[in-house]
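If you scroll down you'll find the structure; I have some questions about it.
Chain lettering (A, B, C, D and E) follows the sequence in which the chains are written, and residue indices restart at 1 in each chain.
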């Protein structure tokens, strides 16, 4: 019971000699609230892809609750409780909010194989969907096609689908990206209310959200970890500032040569 | 929260609505109104069933195929060959025709359904053409160009004999149509039906939430092939004849046109479109058939340009205009 | 010359830039700073017309471009150097330049004087150029349309230092030539501030600071805070 | 041995010339589908209209055949400008199914109109008599027409190559294929370019319809009769790839000719089997896959 | 059969059906004739010719035959669709109350209809369908056109009469092609000839060069062929001419160069023979009269084809069937009236074989020649009173 939720060791990914992920180590204890930040092109999305299994790593290992999942398929990782959300909405636009989340619950429980029996008769799943809708404050919109609700609320549906898959480790990839500022608090509240049993890795640009949410954080630049620890400490680091502000851009110049 | 079952699955309804009951009264009424046109009416029912089978995969799972006649034709030939081999019990013969088509779908589906879009259309078109040429070539089995004629079947339940007045064929076909309609109706209303709609909307995402996308598609493709095979088998029984036309590319394309004429996205689309197409075409043949081609062509253009969802779309729009209630936008 | 009023927009349904107003006078170079993800690139894309405007207006030289098509805006005088360079890989260097060309000060000859290294590879497909050369070509292509307003998105991104120096020189000579206004998006504040007269800082799709570049360059504390990097934040 | 040599030269000459006709009626669609990603099942209709027009010009107005080919090609190109602005423009962003249905509808309308105007028969050939003469090539008599078709095909290949590589129109088109939104941002009017490209594609179809008469006789059902073979070329050559379109056309011509020559009774299957295997072979590791 | 059937007419609606069906029979003064034709689709030309023939016959002889008036009811198949033909036949008999059927361009259509007319005793005149076994499928069929064996055998006879020894058979790969191949092979071997090869050409063939090459390689002195009219035949003959086969061998087809199709050919077709039951140049009074009425109704340029002539003869047979009726239509009397019936038709003397219900008629060998600058089918040889042989 003591092993951490997610452990990443010496993870590397090259595209034709160009390293996008270099020896990344990451360890999330159970119930962690960890933020991953870094400038554009730092390799954050690649890292999420590697962890979720959408991209195959060149070397290194990934462990989920002590089990090595490095070679396990993306779909199998989902079944083992490693679930991600997407930066850009990838929903079922003509289906209702309820149906979007129902689909995910139904797949997670194997109900989607049922050809007989109506959708409305699946009481346990409907209960589960309603609980998620309630928690995310989406109940009022449940019957509306996803394409017709506000973008910020669509992001909540995205989160709802992830929750429906009963995650133990949740990767949130920029949940607030593209959301108008008035709708951001909705999302923050929803994330705040996620159960402590869920381990969360958050990729986010918005420092407000990061600071509100994260208990620990990691900064990624040029594919490698340059700082990790408590937010105050990390943000005070000179190296982090320089990466973000480009004050003394020398280091980037050096690494830039490699692939110019 | 709303109690409308469409909330859970757009394809699900509480019970038979007034409109639906009226719809199913039509074929019964047709029997009394046009007692001398029953063989034609049977043909209408068969085409409606075939279009419905295509609608199941196209409207609900987003599979666009140009080779659905392969299943219709296989069902027809299997049933015909059974009859010629001396097996003439009608109900099981029909069922076996459908089963043969289902087996074919089960075999080719896993490979085929990894394709989408134009490549899928081309492969299904080519497969349909191969089936057609093979049937032409295997004259010793299929009769080739001359077809298989004078097929005979025992009376249904040992009571109702087949005759040219077509009462038996009509009710027999109607019964199959209704049963398969109920099956389709309940299928699309099930969680599986909803999963199919998810695949139609976003197959990539379905895969990422752990759904066996190809598996789901193969399953519904097989069921659709079964229904198409039944339609073919019924055509063999009702007309007592099977010719190469049951495998023709025209038939596949006509089924698509029927479906669009009726409306994509609703299980009634194929039924309405199939019936309408055959009836209109029959009327037009008394008029000027090349004009008919012009009319159906113009109709297709207008349907696409106006974005109306076929006849059903127009009716829906009209009813919502009249009742002035919620505007329903079906996908 | 450029007047942006209450501009809101993003990609499809998303809202990245919110209610943003901005004026760029003639012959001025303006730098846009901010952490990544705050909507700098999207702002440029909205001006170019590739992102979706939800509301607000864009006026260039008195002509309202808000509802105009992308190529019409290009004809109206907007030149664009996108972040990913987006040269046409199957076209040669010369074709890349000529395909956008319109009569004016910047002829092929003048452009090649500005970027001599492009002249040496004039007949090569653009897809075969190095990153730095592609960046120059992207600028060259924008110049060949003789724009009134040049939008540049992180021209220094991912380039070797020597190339960045060349580029900085080229941009300096552009901005001092007085013929056109430049809007420059740059993550690296040092480069941005040294190249620009004016500077704005964005956060969450809105402008949080607007001033001269010289003032901001002198005040590191303010810069850090405005860029939202401190634990205190600005809210 | 003689048999083998004569068989191979036969297949080379006739397969290639047949392939060239296929190339002529398909290349326009390869171009427009590559640019606009629109499934245009009415492409054969433009070829038929071109052929009918050319034939009518020669028989009714006593125009010189070669001149009639040019006039028909240009007329169809102009006609297609109107059709593109009026109809096709509306479906670029619609689903594949919508595109299929609308263009099938247009083909239906064309078939009905051709039958109404010209009757159900095959229209008489108006190919000039000089083309039915023969010349000796590779030790056999070859009909001039075959060489004419190959010459036209090669001329089209060269002309397309020149247009695409030497003109600003071509550079603009390539830019629009590479990156349509950046092309617009560089000031290229992509939608106007598409209209012109569509006219080019339809004009080429018309040219194929007029010149290809010797192998593909004109009749009202022409738009559907040769649609499958056109679609085969398009589907196999990939979107917008002219070089592979030429190669695939010739491969189809050669495979079909060789198949019918060596296995005459099974000739009908060969091309379909070829298509099925080719497309299915692409399933693994190709963008055609539904699963990622 | 009918009695047993009637016992199964169950409830009210069925009674209505029966009543309607018999009503038209009682009316008696008119006899309705159902016409099942290819009025659209790939064979629309044949449908057009069918209709022309009926119009021409009615123009010449009116709508009355004996004491009865004849009324035609048209139905379209629009392509190869035997099942639809059957359904249309049922409709015509049950709903429209027709007493006689005609039309039937493609043989499978007729085959599909056979069980229907057997059950309802409906005399049916095959206006074009030429498949040999058809008449065995129903005693109610009678042939107005040819049995495909007839022209095929004359192909063989004509070739043998001209001293040809090495035959290459190239037929379309469908049932009629197979029939021709079978009959020609048998007869030509009987006459001492040799079949050097036989190709069945797939119907979807576009470029026929491969077949022309195979034929040229085999160096036959006669090529017997049968292909569908229109694009396939044109493509095939052009390919033969291009390969020079037309110069080295006799080419003999059946219906490919029919007069209405002739304008679709170019000069490549010159020299090709066909063997069939009609020639436009016949000068018998019936043909002259037919040409006149056709020219009046459909213009001076109208070319009469074989698919005009046999439906025209079919209408003659129908008038004969009706002529003998007194009151209620009697199908047996109708069939008896045509068995052994003989008359002079535009295509020469005709007689229905009383046993087989096949046509005994002249088969003409025609050659395409240029006459006054126009391609013309010139009559070369007449084989008189050809019956259907037993193969």
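Assume a contact is a pair of C-beta atoms (placed from the backbone, for glycine too) under 8 Å apart; a residue touches a chain by one contact, two chains touch by 3 or more.
Everything numeric here is computed off the predicted structure, so don't read it as measured data.
Common neighbours of chain A and chain B (chains touching each): not present.
By number of C-beta pairs in contact, B-D leads when B-D and C-D are compared.
With chains reduced to the mean position of their C-alpha atoms, the one farthest from chain C is E.
Each chain gets a centre from the mean of its Cα atoms; for chain C and chain E, those two points are 78 Å apart.
Centre-to-centre separation between chain C and chain D, using Cα means, comes to 44 Å.
Mean C-alpha position of chain A lies 49 Å from that of chain D. Chain centres here are Cα means. That of chain A falls 31 Å from that of chain C. Along chain D, residues 115, 265, 268, 292 each make contact with two or more other chains.
Listed for chain B are residues 129, 133, 136-137, 204, 207, 290, 293, each touching two or more other chains. The list of touching chain pairs reads A-B, A-C, B-D, B-E, C-D, D-E. On the side of chain E, the complex with chain D involves touching residues 42, 44-45, 48, 173, 199-207, 209-211, 213-214, 217, 230-231, 234-235, 238, 241-244, 260-261, 263-268. Taken together, the chain D residues at the contact with chain E in this complex read 3, 6, 10, 14, 18, 21, 115, 120-125, 127, 129, 132, 134, 141, 143, 145-146, 214-217, 219, 221, 225-226, 229, 253, 256-261, 264-265, 267-268. Interface residues of chain D facing chain B in the complex, by the touch rule stated above, are 39, 87, 90-91, 94, 96-98, 100-102, 104-113, 115-116, 228, 231-232, 234-235, 265-266, 268-269, 272-273, 275-276, 279-280, 282-283, 288-292. Every residue of chain A that touches chain C in the complex is listed here, in rising order: 39-41, 151, 154, 174, 177-181, 205-208, 211, 231-232, 235-236, 241, 244-247, 249, 252-253, 256-257, 259-260.
Against chain A, in their complex, chain C makes its touches with residues 10-11, 13-16, 18, 35-38, 130-132, 157-161, 163-164, 187-191, 204-206, 220, 223-224, 227-231, 233, 235.
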